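Labels for the chains are A, B, C, D and E, by order of writing; each one numbers its residues from 1.
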């Protein structure tokens, strides 16, 4: 479904990605692991287009979308939940969520999607009329994810969704991710520090370090390799 | 030297661009006349051409001094023409004074410039305090019943000085000042002031300050339907753009002017009063001006003043037979002459006292000189038609 | 000895009671974890202690001085340091300068010259393993590096109490362990009497806290030694869920 | 007498205020979306004034019809300057855009001066007056006022009821967030800027309907200043706030004259200006983010 | 000891440039008045940078401090002229008045406006500038809009020769001294806790507060320092060189914008920036107005746009980033 080939990119003159390649199969959860600063967020950003790629290609549903603008990509069903909470602080929770359904394609399913998001995060439905900027950190994380779900994505890329969530919610989050795959049929590319939970949820795992893919395989093989666990996952 | 050099930090851009443009073309026109018609300045038995060097000071005081510095030292000019406005004229004065250079003022009307002890400054434009004298004299003469005068000027050093002069003269003539107010520079709505003025029911109104507020003043008097026997606005009413903007609303509106196309100054006139004459005739000046401007532009009094200043300088140089500033300055002090601009004479401080202003009135889209009587190109229309009548197409005719 | 005391402190936002009559005591030298579901008022509590907001009711005492309404910049010199949940470094300054600023205006600020502060910064940079980034502008760091920087900056203030708001969220597990060890060590050495931290990462809480205060809907639910608190069924129910204290 | 004058002035102030308000909406919009303080604001107002003047005096086109023309030209200028200048500076320090917009303003002034000269122009479009007893109101002023209100309402509807409007609102809040929602952020910036400039140029036409004289390349400076103050009164990033601020400003400017005129030895007109700035400061002290700003 | 001195190395290029300017002005014929203009712009930039550059707050009403400084000098000269034997002392009194008045105004404005942030601050200060001017005109303070013209008094007190030399030479030298002093103060601030506090609050005021920084205090320090220098620049470059004061000319917001341009062209918050910015700005203006009188702004505006697009951090800002951690970098901040 998504294929990244030898992509290179970075910030200003500084190169961060050194030709990592990876593939995400439809209907799976693919997990991307690696230490801080490995370039995971940069990779997601480059796929999505908020970081501009220098070289290499991104193929999505057999189309080369490397240089498509981000709004087109969202239109194709590619969603990103960015790290750090980029929500609309002076809009209410509900307005934020509605913004997720901004594109025509998503607008048609707006009420539906909204109901699903509230089902996933009941807390948001309690806070629907509150300004998003005044929510607690965890609540904001929920809004960000919910908003991306509102775009009716086919493939959703989550950048550390459990960051800042209470343990109860972390658990819920992973459950949600699984549900998103099973019930909605979403394909998921997941970046997480929580390697344990992440390995548990994933169908396939890539390990990234210093801008390149160091290893990949099923969770079992990755877990089995002491070398990987020690060098990159700190388990 | 093979030329006599005039230097000029001109206001070609910035807030005085409009007057600056006029001045530059006026100077060019007269330089052209001196060099080509007059044959050059007679100096020590030779005919020497004038050379005019100007830079753009952007109506900015820092540039005025730096450019005068350059004109004095790099271009080594013999005389500096001041930029427009009293402020900028004052800014340049210390530099020319320090170098003992002649400094000629054609756009700074503030009387106080001449009370500062500057020795090299000489004025061509008349002092601000005299702007509204003529208007008052005229109304005093033609309408003995008119008693109540309203004064409403811009709140600026120049207009205030005009207002003071007008107030003093009005009192001398026995008028009663029923309203005396100012409005700030750059106003966009005069409604409150005009409404208050309306309530005092003046017989006639004197005021103004600059171009834009003058237009606004007239326009809003029309909007509010404030009718008086006469309305005279300084600095604005005499310009063609004034009528273009206001059309029929400007009918009958007057303004004092240092010079207007149509004034009757000519060589014959000069003879009558026993003054020497120099320079192009009126039509000749206008033609030269248009040539210098390079576009269809009508000279106004800023151009005439600046041009007349060239002539004054030429006469003084010839009289002194020198370009030395002190000598020429002295000659200027003794000089009295007439040109297309009218009389020219300065007092011991360099302030212009020999030039009489005229009063102009818009009549049937023409600028008619209605005062003083000896300069008249037509009789005054008094009282002017009401704004309602004008809106219906009535023009101001005597 | 009681270092920090909160007495029935309440903070409202409009109709919402973000902190609801919380009283607590923290002793000198105690490591305290503050946990609670998202939105339970933890960050707000920190904001009240550090002076970003003032409470509507109640009192805050630090070393027996009432600081309830003291402006924030006066609290830092008393020895209250904090990090922000979303890091807020001074982006255009270098890492070194950022940390030095902490030293300059912190508890020892009056005694430290600019140069001396730079030295303090250098030491901390080494210990925090930020040497490679020393002269980089802080704005160019990754979020995690920014968090490290924030911790460094706060430590440079030589606080008696260090309030850390989810300083370790997003950190790699091995880094968390390192950080915990480091904080414990530096707290011992440097006279930092205590670290109070808000954390959702139980690995860090367990590794560090002697006692845990659990907030729920703005109010204090449990205040007990770590293990006891985390095993409390109410805490499991509202906060930990099935994962327990792992 | 005094009361009649006061009432008349207040009424005139309200009418003028509506036009002031409209003339500030573009500034607020651009600040709201791009965080760019358009120091060249007045120059765009001036361009609008020249459009109205030129269409009327050269082609005899009714100024009301000049509004859409000016708006379209404004959109074009906005896009032009956005893509050539502003876009490159969005990520630069805030002050860089301030300088850039100032220079754009100067450039416009000089270009217009080259085209039209530095004469003070005006046009005389008279369609009668209404005598209200307390004051006399020319129909052109009324039209300018109504036009301003209409544009403000349209903008409100557009902002809150259309997709493009909500896209802009989201970009204002968080551009990265807008991006993940599928908003074309680049285009939203460009069009917000263009719309802001379009409104500003159009307001130049409305202002000339109100004050059809004094049209000059350098006329904009005063409007920039006024617009800043009005924008802040209204909360700076809210175009409707700006409209409201305009009304307040117009009322103060015109209304206080009558009262100051009762004091001896002062220049009441200058004091009305003084008062408006004092009120600005007071408002900022009480509500540091303007009258209508959301917290 | 050496390390102590190293911190002040950046003053070297500043001093070298100012000295060069002075020498060129003295020795190259026709240059002095140009140098005077450049010095004015440099001093203006240097003074404004202490506040704008170091705090990131844009004071749109900055010119007001130059304005009251000008009034300070003008009032001293015009009101004290009758006192015998004051001589040059009157100039000293004038500068003292200028400092006092600009400081008083800055304390008053600072106490009110510095509570505001960002654009609100900027616009409140416009309000101060305009409001102050209209107060002077409206309440007819200090002669209202007629202003004060005082060359005659200056002549009377100092004698014609001295007054003339003052207006055409010494006033400019004083401006030079002010510029150098402002640069020194900038560097001293930068190297002291004040500088670090200001940078911190420029970046994140709330975080700075929690770090123990009394942001109000440091903002006020920078504001007063900067305003006081503005008052001095007004007193010398305006009052002494331009022996009159008319309210609309000394409260003209255009000068604030020029100051912003200068600081930005050079690089806000840098030491050398305002100087370089002032030179670029002044020279372009001067030579353009000589070579294409009347059209210079048409060319100048696009040039500024290009410079700012290419160097959004200013010329020195860029150079500083490029030379960071190099030997040259030690001199450029």
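Structure notes:
Just so it is clear, a residue touches a chain if its C-beta (ideal position, glycine included) is under 8 Å from a C-beta of that chain, and two chains touch if they have at least 3 such contacts.
Predicted, not measured: the structure shown is a model, and the values here were computed from it.
Shared contact partners of chain C and chain D, listed by label: A, E. Graph distance from chain A to chain C, where chains that touch are one step apart, equals 1.
Among the remaining chains, the Cα-based centre furthest from that of chain E is the centre of A. The chain with its Cα centre farthest from the Cα centre of chain D is C. Looking at A-D alongside B-E, one finds more C-beta pairs in contact between the chains of B-E.
Per-chain CA centroids place chain D at a distance of 31 Å from chain E. Rounded to whole angstrom, the centroid-to-centroid distance between chain B and chain C, based on C-alpha atoms, equals 75 Å. Taking the mean of the C-alpha atoms as each chain's centre, chain C and chain E sit 43 Å apart.
Residues of chain B in contact with at least two other chains: 13, 21, 155, 182, 184.
Of all residues in chain E, those touching 2 or more other chains are 134, 137, 144-145, 297, listed in ascending order.
Pairs of chains meeting the touch criterion: A-C, A-D, B-D, B-E, C-E, D-E. Contact residues on chain B toward chain D in their complex (touch as defined above): 13-15, 17-18, 21, 155, 181-184, 186-189, 191-193, 195-196, 199, 211-213, 215-216, 218-219, 223-225, 236, 239, 241-242, 244-249, 297, 391.
Note for the complex: chain E touches chain B at residues 29-34, 36-37, 40-41, 134, 137, 144-147, 149, 151-152, 155, 160, 164-165, 167-169, 237-238, 241-244, 246, 248-249, 282, 285-286, 289-290, 293-294, 296-297. Interface of chain D with chain B (complex): residues 1, 5, 8-9, 12, 16, 57, 110, 113, 117-124, 126, 129, 131, 135-136, 138, 141, 207, 211-219, 221-222, 253-254, 257-258, 261, 267-270, 272-273. Only residues 163, 166-167, 169-170, 173-174, 176-186, 294 of chain D touch chain A when the two sit together in their complex. Interface residues of chain E facing chain D in the complex, by the touch rule stated above, are 52, 58, 60, 112-113, 115-117, 119-120, 122-124, 126-128, 130-131, 134-135, 137-140, 144-145, 253-254, 257, 260-261, 264-265, 268, 295, 297-298, 300-302, 304-305, 308-309, 312-313.
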